[in-house]
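Chain naming follows the written order as A, B, C and D, and within any one chain the residues start at number 1.
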Amino acid sequence: MIVILKPHSTEPEIQDVIEEVEKLGYTPHPIRGALQTVVAAIGDERVHQTLESLNALPQVERVLRVQKRYKLVSRESADGDTVVDVDGVKVGGKNFVIMAGPCSVESEDQLLATARAVRKRGASILRGGAYKPRTSPYEFQGLGKEGLRILDLARRETGLKIITEVLSERDVEHVAEAADILQIGARNAQNFQLLIECAKSHKPVLLKRGMNQKIEEWMLAAEYLLANGNSRVLLCERGIRTFETYTRNTLDLAAVAIAKNESHLPVIVDPSQGCGRADLVKVLCRGAAAVGADGLLIEVHPNPAEALSDGQQQVDFSTFGDLVTELAPFLQAAGRTLV
Amino acid sequence: MIVILKPHSTEPEIQDVIEEVEKLGYTPHPIRGALQTVVAAIGDERVHQTLESLNALPQVERVLRVQKRYKLVSRESADGDTVVDVDGVKVGGKNFVIMAGPCSVESEDQLLATARAVRKRGASILRGGAYKPRTSPYEFQGLGKEGLRILDLARRETGLKIITEVLSERDVEHVAEAADILQIGARNAQNFQLLIECAKSHKPVLLKRGMNQKIEEWMLAAEYLLANGNSRVLLCERGIRTFETYTRNTLDLAAVAIAKNESHLPVIVDPSQGCGRADLVKVLCRGAAAVGADGLLIEVHPNPAEALSDGQQQVDFSTFGDLVTELAPFLQAAGRTLV
Amino acid sequence: MIVILKPHSTEPEIQDVIEEVEKLGYTPHPIRGALQTVVAAIGDERVHQTLESLNALPQVERVLRVQKRYKLVSRESADGDTVVDVDGVKVGGKNFVIMAGPCSVESEDQLLATARAVRKRGASILRGGAYKPRTSPYEFQGLGKEGLRILDLARRETGLKIITEVLSERDVEHVAEAADILQIGARNAQNFQLLIECAKSHKPVLLKRGMNQKIEEWMLAAEYLLANGNSRVLLCERGIRTFETYTRNTLDLAAVAIAKNESHLPVIVDPSQGCGRADLVKVLCRGAAAVGADGLLIEVHPNPAEALSDGQQQVDFSTFGDLVTELAPFLQAAGRTLV
Amino acid sequence: MIVILKPHSTEPEIQDVIEEVEKLGYTPHPIRGALQTVVAAIGDERVHQTLESLNALPQVERVLRVQKRYKLVSRESADGDTVVDVDGVKVGGKNFVIMAGPCSVESEDQLLATARAVRKRGASILRGGAYKPRTSPYEFQGLGKEGLRILDLARRETGLKIITEVLSERDVEHVAEAADILQIGARNAQNFQLLIECAKSHKPVLLKRGMNQKIEEWMLAAEYLLANGNSRVLLCERGIRTFETYTRNTLDLAAVAIAKNESHLPVIVDPSQGCGRADLVKVLCRGAAAVGADGLLIEVHPNPAEALSDGQQQVDFSTFGDLVTELAPFLQAAGRTLV
């Protein structure tokens, strides 16, 4: 770490910092510059205590980290791209996967119709929320276990793999029975207890970026999963919260490229949440493919105008079909194969 | 709700919208304007399904809510300010409460020394984290149950009430035994399962605003607590995430005034998290008092430079003492009494 | 406009609002809902005074606009996509244009070498800053008129068209002599006097989105240009400011698609400013092409490590060459032809 | 500056960086850490070229500045607080100044009535916009020179000093004749040509923070004024743009305290723009006083509901009177005297 002292710090003040650096387990290396002294603290930042607490000293101006804070998720920790096997569907590498389905599971009819429709049009994984994190307690909260039963039915009928969100540590076990991928939503992106519990399930986990999460924090959330023994992790960019109000979130496509550079894990893009508007989903799917995403998570509903949640961002079957068709040349340009 | 149609929508398109509005339980009331038609949908928005899904129709430009989405937390639902009784300490009304203590409970010595120091200088509630939500899995995660034991010891020795954070639904029961107030942190501000579990404990709950939470969403998170039977809720503003990097967060003091206008619940300010810098805490406490806060949550540590977490934002005993002394005239100006 | 009154407003309070609506030129149309009264104000919002001032009345909860605030830039105002003719280079429609060159013009050698290099590799327009808006007064401010002379030289030698930024109303006239496109930078995105002056020059104008500009405000800034008689406008998305610090800005590729939906004007993407990192430029160019951009503005320098400004985001000649080559399949997928 | 190399950089790659550092005028000082090498570059960062361009080298991970980028505005450059003399009204030190008046000058009657009202209630400086920066070209743009004439009239009649915004370099000279303080608005916060022109006028300048401006950038904008010979500068916090939509901007009161720590210049708070809602202005004035502001800039209008601009954030005479009365105990607590 680098400790920058204020200009005009006295020699005893500098010595104090040097001693604290040593006490906290680093080898101090002072550099006396033109105007300010800097103390380089040599040591492994991931083993020793952080020196950021030295900011509490009045003579310290700033403390800067040198090393990256994540290890297992970083590209250096793996030999090439990780390919996550979702019960036979391989996510990552040259493959491109489409996960599609309704925001919420609303009924057997609704889910089965959607499952058949998205399967026919190119999806290999079915999404559908049984437990829904809703901003208001008065909104539809999902069908719960009945939703899981319907998802399982759809899996058996169509052969599609299932992804569904888990909201509670207590639900991990039974959600893991119905699901092939556990989804951790943006609101739980730093619910570390839930992350640890999902890690222990040994199911593949799709980890959404929190709506206010810096890329470093997103990587560290994934690190929680790997450090707790689960390396079948899919990262998912779903838009961040900014000042812009035209869209519900600002889809950060650069973050996809960055996550691919920083990490060996596959990266999925959720354009539905990413913009919150059905009319933009199609074009954002192209953008996602072009910047190197490994797959998409798309909300599809038989009749979006009457959906029980987030109808405004769900596309209907025909739009979904067009979307997949029009995506093909971009997948080809990106050297990807739809699985 | 108000459904705004695109200019040049045809009569059949307008009729479609009118029918959908009716189908979803509202009485439609079309208004044909100079350029655009607007359909006012009359009905209780908190009972019927939202019409936002109508955005999925191509002729719809936007859908706007009329009513506020929260009810029980709103000022209209109560007769004046709610005063929350924390085992004898009354929070709210004309009272002003100071909660202080270390970011993390690190040892018996550290906590007891801090408890005595803050009690002597004006605090009536002791804070201290036993379970810590840390961005990285490699950082100090708190002492857990041992931390709760030490908090309980401090309570018995000093008579201070205890506030501590709860991270997991599974911990609510045993944390509630050691704590007088359950704290829900910013990262769990929309962990609705945790909110519901805390509501059921019937302990007072301090609910921090999420770092990306709009005020409406914060109120709705509190609504989860009240709707699940717990009305002893303290709202806590602790800074939001913005582009500014000088501070860790941007303390939104206007939000304190807004929360006081919108809701009958007491509002606490956390200036330590709010700026992430010990050198700003003192002055932000004054600002909080001036805009109408009902109390403060301040991080205090015997030796911040060696703290195991967030040393940079913790003040030492002497600074804390000065802070309380210098706050006095501002409390007087605000018509508040320290309890 | 829609005026929403607070619940429990009295009849005289409602009448007051109705009278003010009438006084300000609209036809009031009150709707008495379940809990609240709403007054729809019928009239052309772009002609009458805004009713937002009615928020000042205590019984008014909110005032909402119905109509879009921009007219000339909106898609409805034109017959299909506008193609801007830049002295023979046609920007828009099925064409795709690459503008490339150094952040700053530093010397004759530097600019001419770059001009030749980017021309050979596919650019048809040369960028280069003669006047530089720098955050600090101690940083390199550009060569000024000497820079313009060098740009003109490069134009004559290579036949490339020239785009360069104008910072001051007083410079518009002489910059317009050396440039084929006047660039208005993000920091001047709401410098309306400069916009009006550029409009009057009758040169094509590239208008960057301000780093904190909502899409509506960006469209309205363009409206200033069109309303002042200049319709040869190129919109340019260059990243917005968010909490993320890995990149300098967050490139908002959804905004490109939105601008194409909302407006008939061509949209250019600046990936160099958009992320502030040379290592991401290549992949963001693909994303831009995929979401429907009409061209790119790319910073290219012979030796970025020694550039006098923004070296970290400039690519060298060889990277630029690879970038254009690798972009080709994405342009084809998008149905675009490089001009 | 500090150049951090990627882990596993080779010796020749390290040497390359060392050579570049030297070439750009610094003395390199390599430190070989546990995992990564860091090169400290010793030299005055405000004199030499920035090393940030070294980010363009593939072996460089990050480049960090050590020194602060501003000098003349920094607290170290002055002996205590600067007091700016506005034609006899002293701003800064223990004084507290209230500037008040309408958003726009609309007529002689409106301005004179307001001037008399605010003078009687405690203001010593009159604000009023003659040139208005409006988001849309179709909105009221101000009375221009006629507005300046009216401001001058009010000055002569009431003895109040005048502050008014200047939008164009070309207007600086004649605005400076009518105004005692030139105001640079948030949209022009990085219009450096306008800053330089205002500096040259030798009038006091109030510099608003841009709505997306980091504190460092705000200080550097002020540095443009001081470096161009004008040290009579008032900094003005007026809210930043965030995701929150309840308020128009998020007033950053911590920034006031920070600006007071970092700089010797007086700091004014604009609560009207800061929140965009008349109902919050009063309480935010108290917060501003409590965190150390040197004055306020408040929008006051005889009849806000019919104001030609920003009526929703203007208070009427009676509210303004109450505001000043209720502010008194907070000024006393802060040790300030109203001038």
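The rule is simple: contacts are C-beta pairs under 8 Å (C-beta built on N, C-alpha and C of every residue); 3 or more make two chains touch, one makes a residue touch a chain.
It should be emphasised that the depicted structure is a prediction, and the values quoted were computed from it without experimental measurement.
Engineer: Applying the touch definition from the top, give me the chains sitting in contact with each of subunit C and subunit D.
Structural biologist: Common contact partners of subunit C and subunit D, which must touch each of the two, are A, B.
Engineer: Which chain lies the greatest distance away from subunit A when centres are computed from Cα atoms alone?
Structural biologist: That would be chain D.
Engineer: Measure off the straight-line distance from the CA centroid of subunit B to the CA centroid of subunit C, and report it in whole Å.
Structural biologist: 38
Engineer: Give, as an integer number of Å, the spacing between the C-alpha centres of subunit B and subunit A.
Structural biologist: About 25 Å separates the centre of subunit A from that of subunit B.
Engineer: Calculate how many whole Å lie between the centre of subunit A and the centre of subunit C, each centre taken as the average of the chain's C-alpha atoms.
Structural biologist: The computed centroid separation for subunit A versus subunit C comes out at 30 Å.
Engineer: Of all residues in subunit C, which are in touch with two or more distinct other chains?
Structural biologist: Answer for subunit C, listing residues that touch two or more other chains: 212, 241-243, 245.
Engineer: Going by the contact rule set out above, which residues of subunit C touch subunit A in the complex?
Structural biologist: Touch residues, subunit C against subunit A: 212, 214-216, 240, 242-247, 250-255, 257-258, 261, 274-275, 279-280, 283-284, 286-287, 289-292, 329-330, 332-334.
Engineer: Could you list, by residue number, the parts of subunit B that touch subunit C in their complex?
Structural biologist: 2, 4, 7, 29, 31, 33-36, 38, 40, 42-44, 64, 66-67, 76, 241-243, 245
Engineer: Spell out the residues on subunit D that touch subunit C in their complex, using ranges where they run on.
Structural biologist: Where subunit D meets subunit C, its residues are 20, 23-24, 46, 49-50, 52-57, 63, 69-70, 133-140, 167-170, 187-188, 190-194, 210-212, 217, 220, 223-224, 227-228, 241, 277-278, 304-308, 310-312, 314, 316.
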